[in-house]
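In what follows, structures are represented as structure tokens.
In the two complexes below, chain A is the common chain; its partner is chain B in one and chain C in the other.
What follows is the complex of A and B.
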């Protein structure tokens, strides 16, 4: 446990030192600024537009954090061969994987928290500017949605760790993780489309395709589970069991991926 | 001397860039005002393409549709049927992506019903919105207004207004208005009440301008109708022409129709304008329409 913690701290520090962090922070700042400008273009649902833009900005920044900094953090050890040095310490390969994951997780959490503070200030400012157009806005639902953005990127971080444990090329990790992300945010639409009446009428959709999609839906994480933007945008109440299910789904998925990653990583040879 | 060569070249290139910049933007402006509205990706696909940012995409598409209309109306060119179809489809996609979004419904009411003369299309959107924005009184209010004002479906209108009046936040007079509608549908005064409410509830500059013009026209129509009423009570007959109201002293002058039409009087004593309160070039009044008032 201690060594996992130590590795996580080192990984976190390494992440914070990464210069692309400034770029991502600048981008997020730009998006928040854009939000303040654009909000005035809308007639009445300014609260909804603000929440949409803020959560999407957080989500986009999180995506960049995981893909550029996270992938880098995982690949660096293998690329620069410092992995030999790390593994020569009394630390198992499984501990290495978990330590790396918690490091990235901590890094993403802290970065997103900082951005969330900025985002809250943006929302607060717009709330002061257009108090009449924030009907139904609720801070608690907004923060729940923001929290689930973090959960979403924890899952994505686990995917990055998983692919890094298989391949030594950071580009391949990036491509695989990006593909998983795109598939993950769209899989729900595809599954529900195939179940809908439209699909039944279209006779071209073969039975084997349906089975294939069914299998894929088990393997790929459904990222829409963590999407509460609509609820936050309109202040709609979120049922408690949805929060419980989403959180449980995310946690279990991360654990499985990390266990698989540890298993593969333990059997891997470095040259 | 050599040292200055790159700087000189840079200055020349920058100047050329300036020329091209101007040329490109000018040509884009022309292209945009001439091109047909274009294609909007059906929501079935854009839901997926949004990659989890459906809300943001709906904001963007809404803004695009609004800018499209704004651009056309500021350049003075009128929207043709194809353009309106684009707007209708856009708003449909926007409300598919986020059915709780209030702005597209408000825009649908302001533009589709008023400018495009497509109250049915507006109503379709409004009815879709009512399923989601269940506590928003404005949507049934708009649907009621369209049925009353454009479709002349007073009973349906009264039903919608009654629904609106039961929702929280709705103005108190809606209940009376709903009841009033059921009895005397087609009066300009009822329309005036409606319009004042619409105006109080809007902050879109373009729409406000249009509503104000309409309000002005209606106020003048009401003025004439009031004078006509007095004339009828006193003289026990209808004037042959509206100018008779002025010569008999019921009106100081016959007010101008802000839409540039001419006031007329129907056999049943209703006042109408040849402009039908639409910009003359947009649509011409047909006989059937004016007699149905």
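What follows is the complex of A and C.
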């Protein structure tokens, strides 16, 4: 446990001191500023647009954090052979996987928390400026939605760790992780479409393709289960079981991925 | 007892689809005794770094066995007892040396005070105390090499594996590292190292292995090639004819061809008769040397003999 903690700590420090972080923070600040500037154009929808833009900015910043910094925190170790040095210490390969994941997770959490503070200030400012257009807005739902953005990027961090455990190149890890993300945010729509009547009318969709998509939908992470932007923007209450199911899905998915990564990593050779 | 015992170890790399497999290590057997300094030398691509990775458990042999202290090698059994310095260590760019050593201490189950104490001693020896709070990305190549040595030695391992420890070091840095290795040797630690700097290998190693094309082509004790047991005088002469060679050998001298002449090894007790003979025969003495055959001579000769 001490080794996992030590590894997580240095991974976090490596991430948080990366200069790309300033660029990502600046971009998020720009989006928050843009929100304040253009909010007045939306009249009665100011509240909805503000929440939507803030959560989208957080989500975009999180995506950049994982892909521009998170990927390098493990893949670069293998790429540059720093792993030879690390594994020469009394650290098992499974401990390395978990340590790296917790380090990336901690880095994403701290970075998103800082951005969430700025985001909350933006929402608070607009709330003070246009209180009449924030009917139904709830801070608790806003924070639940923000929390699930973090859960989404925890799953993505586990995907990054999983692909880093298989390949030696940070570029390949990035491509595979990005593909998984794109597939993950669209898979639910594809499945719903195939189950709809429109798909039945489309005779070009073969049965084998439907079976293939069905199988793939169980493997690829469904990122839409972590999306509560709509509820936060409209102030709709979120059922407790949905929170529980989404959180459970994320936790189980992360655990399975990390166990698989540990299994593969333990058998890997480092030339 | 041997710290490392390798028996008929082979390792082939598969670089990828449609590419020819590369046999990096071929039927390698070697024995690194406890408390000795073992130097592995060989040309680039000879299989030295692969041998080190096999010893560390980073890769597994295709055939053969590796024993560490008499037990079959497992990653978990060796890590706590081994300190490793890779060739060109890539350390974490944004960490400071002090943070890197803290990480090493935590993973090696050292207490905070022990980590600090040992870290300070090592950094002082390698002249890194003043830069311990600086990010490692600002370090020069030589400083990174010395930082890597601190990282390898912090947990006071009984076996130290060094891959090109002098690489990228300036003369002062080399002296520091050299003195540190001598100190480790005096402490009775087992040291296994690869180097292209043959002079360092000659001066430090008790046992030397020459590797080429993945095979161990020669293995010998340091004294064997130095012929330094007892007092011997080495003279470099002009070319000797056959009768002169026979006469010198009958007087107790040894002869081998070197460059544009011959090299004579004359034991202390036989010096005067041989010297008189050289004077009588008007054989020109071109110079004297301190050793019978340098490691470089032996290395080049062995590589040529092994077919390269």
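Here, the second predicted complex is superposed on the first by the 271 of 271 C-alpha atoms of A that agree within 3 Å, B and C clash if a C-alpha of one lies under 4 Å from a C-alpha of the other, contacts with A are read in each partner's own complex, and residues count from 1 in each chain.
Rule of thumb we're sticking to: contacts are C-beta pairs under 8 Å (C-beta built on N, C-alpha and C of every residue); 3 or more make two chains touch, one makes a residue touch a chain.
Here the structure is a predicted model, which is why all the values come from computation and not from measurement.
Engineer: Does the chain A-based superposition show chain B and chain C clashing or fitting?
Structural biologist: Superposition check on chain A shows chain B and chain C fit without a clash.
Engineer: Determine, under the contact definition given at the top, whether A:234 touches first (chain B), second (chain C), both, or neither.
Structural biologist: first
Engineer: Scan A:214 for contacts with chain B and chain C and give back first, second, both or neither.
Structural biologist: neither
Engineer: Just to be sure I read the superposition right, which of the two partners does A:84 touch: chain B = first, chain C = second, or both, or neither?
Structural biologist: Touch status of A:84: second partner only.
Engineer: Figure out whether A:270 sits in contact with chain B (first) or chain C (second), or with both, or with neither.
Structural biologist: Touch partner of A:270: chain C, not chain B.
Engineer: For the superposed arrangement, I'd like the angle with vertex at the C-alpha centre of chain A and ends at chain B and chain C, nearest 10 degrees.
Structural biologist: For this superposed arrangement the angle is about 150 degrees.
Engineer: Is A:56 touching the first partner chain B, the second partner chain C, both, or neither of them?
Structural biologist: In the superposition, A:56 contacts chain B only.
Engineer: In Å, how small is the closest CA gap from chain B to chain C once the two complexes are overlaid?
Structural biologist: Superposition on chain A places chain B and chain C at a least C-alpha distance of 34 Å.
Engineer: For chain A, what residues appear in both contact lists, the one with chain B and the one with chain C?
Structural biologist: none
Engineer: Which residues of chain B touch chain A once you look at their complex with the stated criterion?
Structural biologist: 44, 47-48, 51-56, 58-59, 62-63, 66, 98, 100-103, 106-107, 202-204
Engineer: Which residues of chain A touch chain C in the complex?
Structural biologist: Those in contact with chain C are residues 2-3, 5-7, 9-10, 13-14, 17-18, 80-82, 84-85, 87-93, 269-271.
Engineer: Along chain A, where are the residues that touch chain B in the complex?
Structural biologist: 38, 41-45, 48-49, 51-53, 55-56, 59, 182, 185-186, 189-190, 193, 223-224, 227, 229-230, 233-234, 236
Engineer: Within the complex, which stretch of chain C touches chain A?
Structural biologist: Residues of chain C touching chain A: 13, 50, 53, 56, 58-60, 75-76, 79-80, 82-84, 86, 89-95, 99-100, 102-104, 106-109, 135, 148, 151-152, 155.
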